[in-house]
Amino acid sequence: MQNVQKKPAKMVSYAKYGYIFIAPFFLAYAFFMLYPLINTFLLSFQGNGEATGGQWVGIQNYQWLLFGSEGEFSPGAAIHESFMNDLFNTIILWVGNFVIQLVLSLLLAVWFSDVRVKIKGTGFFKVVMYLPNIITAASVAGIFLMLFGNSKYGAINSMLINWGIFSEPFKFIDDVWVSRILVMFIQSWMWFGNTTLLLMSGIFGIDPAIFEAASIDGSSGMHTFFRITMPILKPIFIYVVITSLIGGLQMFDIPYLLHEGSTLKPQLETAAVFIYKHFQMYYPQNFGYSATASIILFVITAILGIIIYRFNTDSTAPKKVKAAKSSK
Amino acid sequence: MANENARSMREREYERKIKAQAIIRFIVCVIITIICLFPLFIIFINATRSSNDIILQGVSFLPGDYLLNNIGTLSDPEAAFGSYVMTYNVWYGYMNSLIIAVSSTVLSVFFSGLTAYGLTVYDFKLKKIATTFILAVMMVPTQVVSTGFLEFMIRIKLYDNYIPLILPAIAAPSVVFFILQYMKASFPVEIVEAARIDGCGEFMTFIRIAIPMLKPAFAVQAIFAFVASWNNYYNPSMLLLSNKLEQRTMPMMVASILGNDKCVDYGVRYVAVALSILPIIIIYLCLSKFIVKGVALGAVKG
Amino acid sequence: MKKKLLTLFLAAAMLLSVAGCNENTNNPSTSGDNSGDNSGDNSSSSGDSQTPSDNTVELKDDGDKLTIVTWESNADVTNMVKIFCKNTGTDESKVEIVRQGKDGGAGSTQIQKYLDGDGDADIITLEADWILKYINDDKLTAPLSAIGIEKSNFASPYQYTVDIGTNEAGVLKGASFQAAPGGFLYRADLAEQYLGVKNPEEMQAKVKDWDTFKATAKELYEASEGKCSLACTEGGLWQVFAANRSKAWVVDGKLVMDTAEDFYDIAKEFNDNHYLAGISQWSDSWGAAIQDGTALGDFAPTWGLTTGEGSILSMFSGKEGESASYGNMALCQGPSAYFWGGTWLAVSNKCDNKTLAKQFIEYFTCSDEGMEAYATETGDFCNNSKVMQKIVDAGTNKNAKLKDGQDQFQIFMDQAAGINMTGLITKYDATIKTSFNDSVNAYLGNPPKDDDGNVTMELEGSTKEDAIKAFKKAVAAAFPDITVE
């Protein structure tokens, strides 16, 4: 930029190349993202399935999804309950997975970057711990489905029965909370390596001299972590939270595929599964419900993103003020 | 003397503490390693055992000798009246996933490079807005547009082919962002002017000069774009409406064999899952150092 | 500058969206035209259904291949094509099978999606759970008369198959090649070991009615020291129970639970007392549970006992020489007569191979010779009472996977005559049945138990009322046009 401003006369003649070079990106974006987004918005005001598909129904979808309709077993009430259930699952599954993942990742990141206590084979551990992240999520669902199968032919059940801990197979996949915990575990299993590496890159950015000084001053491990590591880690930490949040709201593969037989598990249905289900399993498709859920999800994501972003910039504001003052 | 003794005592105490810590941490890491590898271990072991063995013996830590039989059943047109061959074909899976992943990776990296280059090298009216726009939409989750996307693709009859799975890769905001950052740090704009003086055309400058210089950034983004595309289940299963065997990607193959009520042979099911993850594990083990470094450089969670 | 860009985008968006709206109205995938309740203001093509006169639909005959659309796990069509081509001298390259959806349930929506697209289709297969949706929609199926097949052409059919193949307007649209009574399929070796039962007649005496069935189940569970349950799945039990209901799921646009509410208690009783092994139907563990003796047997219909690979019988049998159940399965009638499913052939509106389509459907529904070949070669129970009687009388049918080559047709023969499905099925059944079984399974739960069978951990289980509510809500969400109370 600065370079450009120095020699404006020379650059101007090449301006058209700028447009040409960025044109493919914007054309593709408009066609594959922006218009679909607008289309989703329009579809959210249209009906569903055989009955009202393709017709304009106003805000009925929003009304039904968010507030339901009268009568305990009316379609509006049923779809409301199903959507709220899926939204609740999304939050539960994300929070559960994120807490496990974050605690483990912070611990490992601090350990791996500790200059005093060197762990042998750190390189090997990092490679192994990132491995689950690279494996296809659909296959991961398959792996855990076969390990934790409901029947006694599932690997874990068969082990527990052989060791005499259970006399009968436990339905890991069918049980409401056990299956949710399983999904949280799988998500953490897949993502903790990635989070560890991200956090480590933040910690490595910290000058080792600070740690040395802290250790000479007799600062305990805990103290060092909360007073020195965490504050400096904040930007990367926020980045991890935002990306995980967006990823979490889209959580699909594992909850969608983790079931035996042909029906989805209601306790694992996430908002993304709700969206997918209504245009994939019904025909004519329930585009209205899918689109409305998408828009609601989009708004939630945007609000959460802004909150976290504000939270971040607000806390750094005092520093800027200080810097401004000192420059005076 | 006594003082020195006390200090060395303290030092030794400290060292012992550090050593104990190191051992504890090492053990914890070993346990985590086991948790990471155990599921994969079971999958590969069971892939070598017969269904009957798995039903009657349960878990085993030793491989069996049934691997080839299981693979045979998987590709036997007579087994379960051909359910396996109608549901799961490892070569189609590899080929289709490879075609989609390679083309979308190439498109994504090339056009992101082009966009970042255009935004860095040239000065034009909308430059700032364009840059801001790319940053702003970087975090927009793709699934919230999926309904409108699908309905649009059905309307213009672009379902049941790979175009809507490949072409959107041209617009990858996070890749653009990454290359933009990289160029800021290590791409001197003067080099473009030098090329112009040498009579090199604008586009050729990008191809001949910028691409070689941006190779490291391209490599990192390419590997993550490839993995993300290879692993994607949502988009292909959404857009390939007919779900034809010849069109299924690897994740779709896995999903369909898991859901098939006729493909009930345990050994074969394990082999099917094992085969689906084998290539990606091999690629990872070859490039692991590079990938682990790349994560920290700015891979965005998908 | 920002404003300019914004207006640009907005303009583009408006343009695209306007284009979108226009095309939207005639988008085949979103326009819901159900001819079952069309009121005459529709386009002329769907008005045809109002008049049951023949030959209103003209089908072409210039297609290059006979395309049969079915679902992935349908073995019957595979067998039929083989037999048809072999016996009529038709080249196998003239017939193509297109598979949509992984199983019968998924096929219901997937085949409709396929028919709305550009794909070719001559004959489509329809399952009992959703046949009514297809034959009452003139955009999907053509009358059989369009290819020249009338009711009178069928060779000694079971009347219920003809009734179901006829739509609301009285037009014949579906022809079934099979009748689907069911029986109880069990491990003969284990029955002898635990119950001292030596043949199917003795076994039938042990399960002749529900009280005896329960008593035997108790005896079996005790004799096997808790290893073996009499039946395997809740899904199988439901099929027997469902066949004896007197009302369909939906009557006059209203959801009717009727006796289905009782089934929650029955299933609970069976499950808690280990009369059922607690395995889910059509899961990978279903066959395994029979093979390793966790369950003595389960309910299976005619089409589940075909001799080829992939049938229920072959799942239960496992591999020859490896599984103990291979060649040790036997069949008896079970506690109450029932029927289960069945598949109909229908002609697609897109049919462009009239002659070959007619030949194919005729061969399996109108020709004694073709139907006999089908029954003897596949072990399926063809929809021809005369031919079936002939085969049973001849005593030549030996099922290789049953113990001593038992003739399963003999067991099914009496039950086939008594089937009455008319008025008991609806076009919603596929989805409703799944939701119902889900809610039953949720109600059954499965708390973990220790070695003595005591519950070690209380889980958040649903009550019967919760389960029924969940079921009703699932139906209400799936079908806005059904009134749920």
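For clarity, chains are labelled A, B and C in written order, and residue numbers in each chain start from 1.
As a convention for this text, contacts are C-beta pairs under 8 Å (C-beta built on N, C-alpha and C of every residue); 3 or more make two chains touch, one makes a residue touch a chain.
Nothing here was measured: the structure is a model prediction, and the numbers come from that model.
Across the structure, the highest number of inter-chain C-beta contacts is found for A-B. Note: the chain lying farthest from chain A is C, by mean C-alpha position. Centre to centre, using the average C-alpha position, chain A and chain B are separated by 16 Å. Chain centres here are Cα averages; for chain B and chain C they lie 40 Å apart. Under the contact definition stated at the top, the residues of chain A that touch 2 or more other chains are 35, 38-39, 42, 152-153, 262, 285, 287. Residue positions 55, 125-126, 151-152, 259, 261, 266, 269 of chain B each touch two or more of the other chains. Annotation for chain C: residues touching 2 or more other chains are 20, 24, 27, 29-30, 102-103, 110, 113, 282-284, 288. Chain contact summary for the complex, chain A toward chain B: residues 3-4, 8, 10-12, 14-22, 24-29, 32-33, 35-43, 104, 108, 111, 116-121, 123, 125-132, 134-139, 141-147, 152-153, 155, 158-159, 161-162, 189, 191, 193-194, 197-198, 200-201, 204, 242-244, 246-247, 249-250, 252-253, 257, 262, 272, 275-276, 279-280, 285, 287, 290-291, 294-295, 297-298, 301, 305.
If you check the complex, the residues on chain B that touch chain C are 50-52, 55-56, 78-83, 86-87, 125-126, 128-129, 133, 151-152, 154-155, 157, 160, 241-243, 256, 259-264, 266, 269.
Contacts from chain C toward chain B in the complex involve residues 1-2, 5, 20, 23-24, 27, 29-30, 72-73, 75, 78-79, 99-103, 110, 113-114, 117-119, 282-284, 286-288, 291-292, 308-310, 314-315, 318-319, 322-323.
Here chain A touches chain C in the complex through residues 30, 34-35, 38-39, 42, 46, 48-54, 72-75, 77-79, 81-82, 149-153, 164, 166-171, 174-177, 260-263, 266, 281-285, 287, going by the rule given at the top.
Chain contact summary for the complex, chain B toward chain A: residues 18, 21-22, 25-26, 29, 32-33, 35-37, 39-40, 42-43, 46, 54-55, 58-59, 111-112, 114-115, 117-119, 121-127, 130, 134, 137, 139-152, 164, 167-168, 170-171, 173, 176, 189-190, 193, 202, 206, 227, 230-231, 233-234, 237-238, 250-252, 254-255, 258-259, 261, 266, 269-270, 273, 276-277, 280-281, 284, 288-289, 291-292, 295-297, 299-302.
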